[in-house]
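Letters are used for the chains, namely A, B, C and D, taken in the order the chains are written, and counting of residues starts over at 1 for each.
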Amino acid sequence: MKKLINDPAHYVDEALDGLTLAFPSLARDGAAGRVIRRAEGVTSGKVGIASGGGFGHLPLFTGYVGRGLIDTCSIGNVFEGPNIDSCVDAIRLADGGRGVLRLYGNYGGDRMNFDMAGEVLEDEGIRCTTVLGTDDIASGGPDEIGRRRGVAGLIYAYKAAGASADRGADLEEVTRVAAKAVAATRTIGVGLAPCRLPSAAKPSFELAEDEIEMGIGIHGEPGIWRDRLRPADAIADEMVDRLLADLPAHAGSEVSVLVNGLGATPLEELFILYRRVRKRLDDARLNVFQPLVGNYVTSMEMQGASVSLFHLDEELKTLLCAPAECPFWRVS
Amino acid sequence: MKKLINDPAHYVDEALDGLTLAFPSLARDGAAGRVIRRAEGVTSGKVGIASGGGFGHLPLFTGYVGRGLIDTCSIGNVFEGPNIDSCVDAIRLADGGRGVLRLYGNYGGDRMNFDMAGEVLEDEGIRCTTVLGTDDIASGGPDEIGRRRGVAGLIYAYKAAGASADRGADLEEVTRVAAKAVAATRTIGVGLAPCRLPSAAKPSFELAEDEIEMGIGIHGEPGIWRDRLRPADAIADEMVDRLLADLPAHAGSEVSVLVNGLGATPLEELFILYRRVRKRLDDARLNVFQPLVGNYVTSMEMQGASVSLFHLDEELKTLLCAPAECPFWRVS
Amino acid sequence: MELTVFQIAEGVSRAARAMAGLEQELNAADAKLGDGDTGSMLARVIGAMAASEPQAAGSVSDVFGRLARAGMSATGSSLGTLFASSLLGLSKQTREWERVDWEDLSSLLAAARDGMMARGNAKLGDKTVLDALDAVAAAVAGEVDAEGAARAAREAVDRVILEFRGRPCRMGRAKFFAEKSVGLDDPGMLAFVALTKAVAELPQNAT
Amino acid sequence: MELTVFQIAEGVSRAARAMAGLEQELNAADAKLGDGDTGSMLARVIGAMAASEPQAAGSVSDVFGRLARAGMSATGSSLGTLFASSLLGLSKQTREWERVDWEDLSSLLAAARDGMMARGNAKLGDKTVLDALDAVAAAVAGEVDAEGAARAAREAVDRVILEFRGRPCRMGRAKFFAEKSVGLDDPGMLAFVALTKAVAELPQNAT
């Protein structure tokens, strides 16, 4: 598994340098340079949204810093949560005087560091709330949704919460919207081939030449089953079946769907997958609104895809349509 | 090499179905469904731009159908030129009464089919001109630029010619602009791992576990050298050196740069590459304007990247800034 | 002796059957110098030709026309396009002919060769399909029946592939890396050689 | 006997040296159940701790504080954060102490364990680093010097890793696939075991 990199120890910082050089709307900040924020700075009077997570998932997390989305993002090393200082910096830099929502994926390290950052900031009087992405249905039953991992569906929570904050909503309201968006999102992934951490000698997992893993996590965490590769339509069918068997309460008749590549999967294959997913949703009489197909949340060179459903009601639909702009997603 | 596909015989058509379902601004048309055109139809009174090429390079070619870019695109099978009927259809569907520029990459099959299509259409009175993308500096010396292959840099010709057509320029002028843009573009690629045609039993080429190929084509055509993998900075340096040793006449002090992933290369690595390319261009006192980093022209799951320089003068810069919008590139 | 629609249709179905075994070999030959699709492309093109019901054609011109249209719909690749467009040329050329004889084969193949050169801008000696086609056109001159033509064609392709193996490709995707192609067979030439052998079957027990 | 800054600093540098050999082994253990980064993360964290000049600290509290801050800057991973934050707890706890003795080690480790439980919400028995830490805390109770503590700690980690191998992980990334973790060592526990052995060196010729 070859990589186009320099010293693994500089992987994250070099990639962040490239990212901010390529996209002037993003700026590096924080004591260790491990915060990405909107270059124009904080919008005073707006509720701030701080996210964060391990590196290796571009465009997530840093790529979604922008108008109508998130304000700041703390970045850890590859597959490691951001450290406490970066979380403190990200929260501070997101604060426009009306409090900060911490919105990130449900992983142990990320939670501990964002929690400790909140404790550090208590004295400064920055009000903080927390909403965790928990959309991966392969990581826990419907009775333990709060313990599920957060994966690609997090971007829907960014979108909804970002739109709410942009409209001037207060911290409670933005937090409510983010929690509602998370509750309305379900994702399942499938892995065909692993990635390798820049510092690791071996790939993060192994799959035989004809094997795939259903339900894999975005760090290669174990999934639901491993078995022979099958046609894309059969894979899409199982993913949709599982998603539709795990409907949120109050699910309506409209969804947005994200067919997401994990990094090394060509667009051609994502469209083949989307074609079938779309057919199955049509058959289920679910109206598809603003679909997304592409690499939105990756695991470096992992091969595979995920499918997310964002179950819409009028409120979420309006928030999904609200203008937003970051280097990797634009709604206008 | 696993693929998330169904029957290889339906690969192209299924992917095109998914593409047009995902992006309502694109419509399938043509007798065999192998033309993508703007859903809103032809703009009458505007010079049309028809492109085309083999499949397997998404977002190229079809993804660049849109306002300020190309109007129609004929699509062949994987790595095969579009057939004559699709070229005829693409030209007809692009015609808004002021003639059609055929703008595509310099490959034998594509040329023959677009040429024959032009012969077929002679009687219909649709005026056609041709400009071929020839940006790959690894495929011929500076003395035989016209014989070079067209690779990622073709999108700059789309942008410039599309902007010119959108402003109401006539066919001669749009053709002049396209040819000028091609003449101002230079690209070089590097391959780390091959792709496999859906119908082929083996990858399109073989590289040892620690080997890379400098100068590889977007179909895996042989490059300049094969040797051991080296640090990203060393690779970027060689690519920039080669590009700067092959300056077009009248090259000025401003460039746009495209650091393009070939399909399976993670964004993280493209940013690491861009960081160095940018530094080298800064050192060479070249001002970088509107850089692009991402997967713009791919070879399915090929691993590697290309770097393109688009040498700007005032005219090309203005055209590059003009509004444009397609599913994969937006300038506003 | 007359060259019949039936014989041409038979040849196409033999070629189509042969492609099953040739597809991956030709892909692999193209992978070394080009983009690896020669075999899959030809399998599709010749499959489409066989499915165009050549045996139902009313004349040799008609059968060439059917094959050409089938091929043109099936691909836009260099080789497939050259094949199909030269068949279209042959169809036009023989439109008014009352019959086509085996003696005409050599000049028809030469005409196909010239059509391909005009369309593709390659020259003889560039190590492409053209050189094989040219060798066969020359070899079948004077042959008056299927068996004689088959024998001459088989000998010619065996010779031409060896003759060119050590030479560089000067056309197609390999042209810029001519040195790399020395020692390798050009995929289009290889395809023509293998298909000629499949089509130009000798009668049982012949050598 | 007093537990000195020098001894702690020595332990850190032994741990840092050991990481060179452990990094890929721990990555591989984590790859089976989690995301494959335990080894590289710990190599970086312990490297940063060793580089924080623990030997220059003025007190045991100060050395714990240095190590904690170094660790906290170096990672946000679950395990690294738990280690670093519990060291910060120990630093606070010993701030006013005039000296720390080897006899205090057991209760300090127990305090670290409790801090980690509070921060990470895991329980004893979940098959995490906690169970190994708990075993060592219990084992060193009553030991009054480095050698005794080392011997007891080594025995304890050998025991605990075997004891848990056949049990399921109930915390961390492996928690939802508890059955898959049966028979596999938890990477955090494995790391703690290996580092304990590296730190708790026995005097030459001892067994």
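Methods note: a contact is a pair of C-beta atoms (placed from the backbone, for glycine too) under 8 Å apart; a residue touches a chain by one contact, two chains touch by 3 or more.
Note that the coordinates shown come from a computational prediction; the quantities given were computed from them, not determined experimentally.
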item: Distance in touch steps, counted as few as possible, from chain A out to chain B; value: 1
item: CA centroid of chain A to CA centroid of chain C, Å; value: 54
item: Between chain D and chain C, distance of the C-alpha-averaged centres to the nearest whole Å; value: 73
item: Separation of chain A from chain D, taking each centre as the mean of its C-alpha atoms, in whole Å; value: 32
item: Touching two or more other chains - residues of chain D; value: none
item: Residues of chain A whose C-beta touches two or more other chains; value: none
item: Touch-based graph of the chains, sorted into line, ring, star, complete or other; value: line
item: Listing of all chain pairs that touch each other, if any do; value: A-B, A-D, B-C
item: Of all residues in chain A, those that touch chain B in their complex; value: 2-7, 11, 14-19, 21-22, 55-56, 58-59, 190, 192-193, 195, 209-210, 212, 229, 231-233, 235, 259, 263-275, 278, 291-293, 295, 298, 300-301, 303-305, 330
item: Chain A contact footprint on chain D (complex, rising order); value: 23-24, 27-28, 31-37, 39-41, 43-44, 72-82, 85, 119-120, 171-177, 180
item: Chain C partner contacts - residues on chain B that touch it in the complex; value: 9, 32, 54, 74, 76-87, 107-110, 112-113, 115-116, 138-140, 147, 197, 199-205, 217, 219-222
